[in-house]
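Got a structure here, written out as structure tokens. Questions coming.
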Amino acid sequence: MKTLFILNNPTNLSACLEAIAKEDALLLIEDAVIIARKNIEYKHISLFALKEDLIARGINNTDASWELINYGKFVELTLAFDKSVTWL
Amino acid sequence: MATFSLLITANPYSNQGQYSALEFTKAVLEAGHIIKRIFFYADGVLVANRLNCPPADELNLTKSWAKLAIEKDIELTVCVTAALKRGIVNQAEAERNALTSESIDPAFELSGLGQLTEAMLASDRLVTFG
Amino acid sequence: MKSVCFIFNKPPYGQGSGKELLDICLMCSAFEMPITVIFQGDGVLQLIENQQPDILNIKNYSKTFKALKLYGVETVLIDAAGLEKHQLVTENILNIGEIANSKIIQNVIQKTDFSIML
Amino acid sequence: MATFSLLITANPYSNQGQYSALEFTKAVLEAGHIIKRIFFYADGVLVANRLNCPPADELNLTKSWAKLAIEKDIELTVCVTAALKRGIVNQAEAERNALTSESIDPAFELSGLGQLTEAMLASDRLVTFG
Amino acid sequence: MKSVCFIFNKPPYGQGSGKELLDICLMCSAFEMPITVIFQGDGVLQLIENQQPDILNIKNYSKTFKALKLYGVETVLIDAAGLEKHQLVTENILNIGEIANSKIIQNVIQKTDFSIML
Amino acid sequence: MKTLFILNNPTNLSACLEAIAKEDALLLIEDAVIIARKNIEYKHISLFALKEDLIARGINNTDASWELINYGKFVELTLAFDKSVTWL
């Protein structure tokens, strides 16, 4: 089953990537959006970051590898994947 | 149309998770989906304290959840074990534990952890905010 | 019946999340959901033998892990990389599961209907 | 003989910091030193909620601090701004904010953040537990 | 008068500690303690220009940092390694302090009577 | 002034070491005591770990570079150094 990993703390990135499999996706929210400045290229997973959290923090120079989405798309993503895992 | 349940463990005073969960819930409803239950657990239960008084220029999360629940008829369920430990009690629990008063906001309901499992089984998606 | 896996990834006692995640796990077992428990990364420290948090007046819940099988938890996986990181061998930890590499852990997370961590 | 003050910001429900601070305080007193003030701030103020009901087999941190304070005559000061936000109020604050009841344990006292600065200036050491 | 330094080392908004540390800082300034403020590691993100947390209904306190000088805060240091880690240059951040290397930051922490972080 | 750094979360170790100067010391408490398994050799700072927290976690094979102390010695340490910084 394709899984959407939701990450809210940048400190947990490497442990989260350990658990991600090939067809999965990673969505950055809250403090984790600061990761979206870089290309983390990993297992060809899809990469998303929550636009509202980027705007809140004044971050406007994200790497092109990250698709920026709003809350409406966040809801759609949770349905496009079979389940979500919030990596705490 | 899909059915969602939320598990919220984020501390409302020190983490952004409750703000995120509130925005997510609104987006779910705007898209025409159904919220089966919002289950508050761990430090997430602290948002149900009706004595919370944030500064006037900050969002009152307790009232925000309560308003949404009343307007959209959403179940806000608070884990009773996690709540009791954190001083969030209804009238019955206050009496049982010889406490001076209740403290839960009336829009939230105390119940057991089984309500989380039941929500998982009855929903298409469970999304956690911690 | 939908399946669920629980991922313990934090050391014990510094944060309260281990006990609280365990409580959800026991509740799901009462509903007879198929359950997998994973100790990942720093979470393997939850399984160290001879924990004595009572000397700090903190409750010891590590014994409940030994009873997971009794509660009907079928599979318990222990992250090999986590053990290595903390220089632990199987003799140092509760004998309640199988050592697993990250590939196996990924597969379990993908296969189950829910994955919960706290 | 030295004078200590403590700054405690640890969440009593989800972190070990309050347990550590309690042990440290006992060790300070056993060594014959003086505790000028224990200042609770941020999530640390949650320990002052007198409605907290931990399970019977877990330590009641609220009562542990209260007992120590009474036996050893120690000042337990709770930041009023942090407390109000978190639903910890005394009678005066409850009335001022139109709340149904007070919730602070009587061993703790609400006061301003200036009490922390004043304690820093009047102590040989400030030790933080977060 | 005893001196104090405040170390901001967390990004804004995910946790509430930035605002709460700032409040202690302002109180110490009211007591006329000599104050140094340090933005270290991820804490440099507190200083990014054009933050708009109000779109999430979160209060924006970053403007208060601009007023630190008015409150009598003499020295504000910004960690060079933190800026580099987050690919920030001085044009991206509030112009309220000097860039400092870890040696300078170490010296300030050693010299002040109190160092507080949250 | 000699400073005692108190660390309670192992995740913060590297940032904390960045701030430590030569005559300083590092004391591990709570979850951070798991660091005491290894020799971190750094700037010749003195290394301490709280014994009660090690016992609580069942950790008995610490590296010899760490001096294990109890709460009584913790109090003495805060006085032996000019000040303490709790690195959160």
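Each chain gets a letter, A, B, C, D, E and F, in the order it is written, and its residues are counted from 1.
The rule is short, and it goes like this: a residue touches a chain if its C-beta (ideal position, glycine included) is under 8 Å from a C-beta of that chain, and two chains touch if they have at least 3 such contacts.
If you're wondering where the values come from, they're calculated on a predicted model, not measured in any experiment.
Counting hops only between chains that touch, chain B reaches chain F in a minimum of 2. The largest tally of C-beta contacts between two chains is found for B-D. Ranking all chains by how far their C-alpha centres lie from the centre of chain E, first place goes to C. Residues touching across the chain B-chain D interface largely coincide between the two copies, over half of the numbers being common to both. The distance from the centre of chain A to the centre of chain E, with each centre set as the mean of the Cα atoms, comes to 28 Å. Distance between chain centres (mean CA atoms), chain E to chain F: 25 Å. Taking each chain's centre as the mean of its C-alpha atoms, chain A lies 39 Å from chain D.
Looking at chain A, residues 8, 30-31, 52, 83, 85-86, 88 sit in touch with two or more other chains.
The multi-chain contact residues of chain D, meaning those touching 2 or more other chains, are 9, 13-14, 16, 20, 23, 42, 58, 81, 126, 128, 130. Across the assembly, chain C contributes 13-17, 56, 58, 114, 118 as residues in contact with two or more other chains. Screening every pair of chains for touch gives A-B, A-C, A-E, B-C, B-D, B-E, C-D, C-F, D-E, D-F, E-F. Taken together, the chain D residues at the contact with chain B in this complex read 11, 13-14, 42-43, 46, 49-55, 58, 81, 84-89, 94, 97, 99-101, 103. Listed in rising order, the residues of chain B touching chain A in the complex are 2, 4, 9, 16-17, 20, 23-24, 26-28, 30-31, 33, 124-130. Note for the complex: chain F touches chain C at residues 8-10, 30-32, 34, 37-38, 52-53, 55-61.
Within the complex formed with chain D, the residues of chain E that make contact are 1-2, 4, 16-17, 20, 23-24, 27-28, 30-31, 33, 114, 116, 118. On chain D, the positions that touch chain C within their shared complex are 13-16, 19-20, 23, 57-59, 64.
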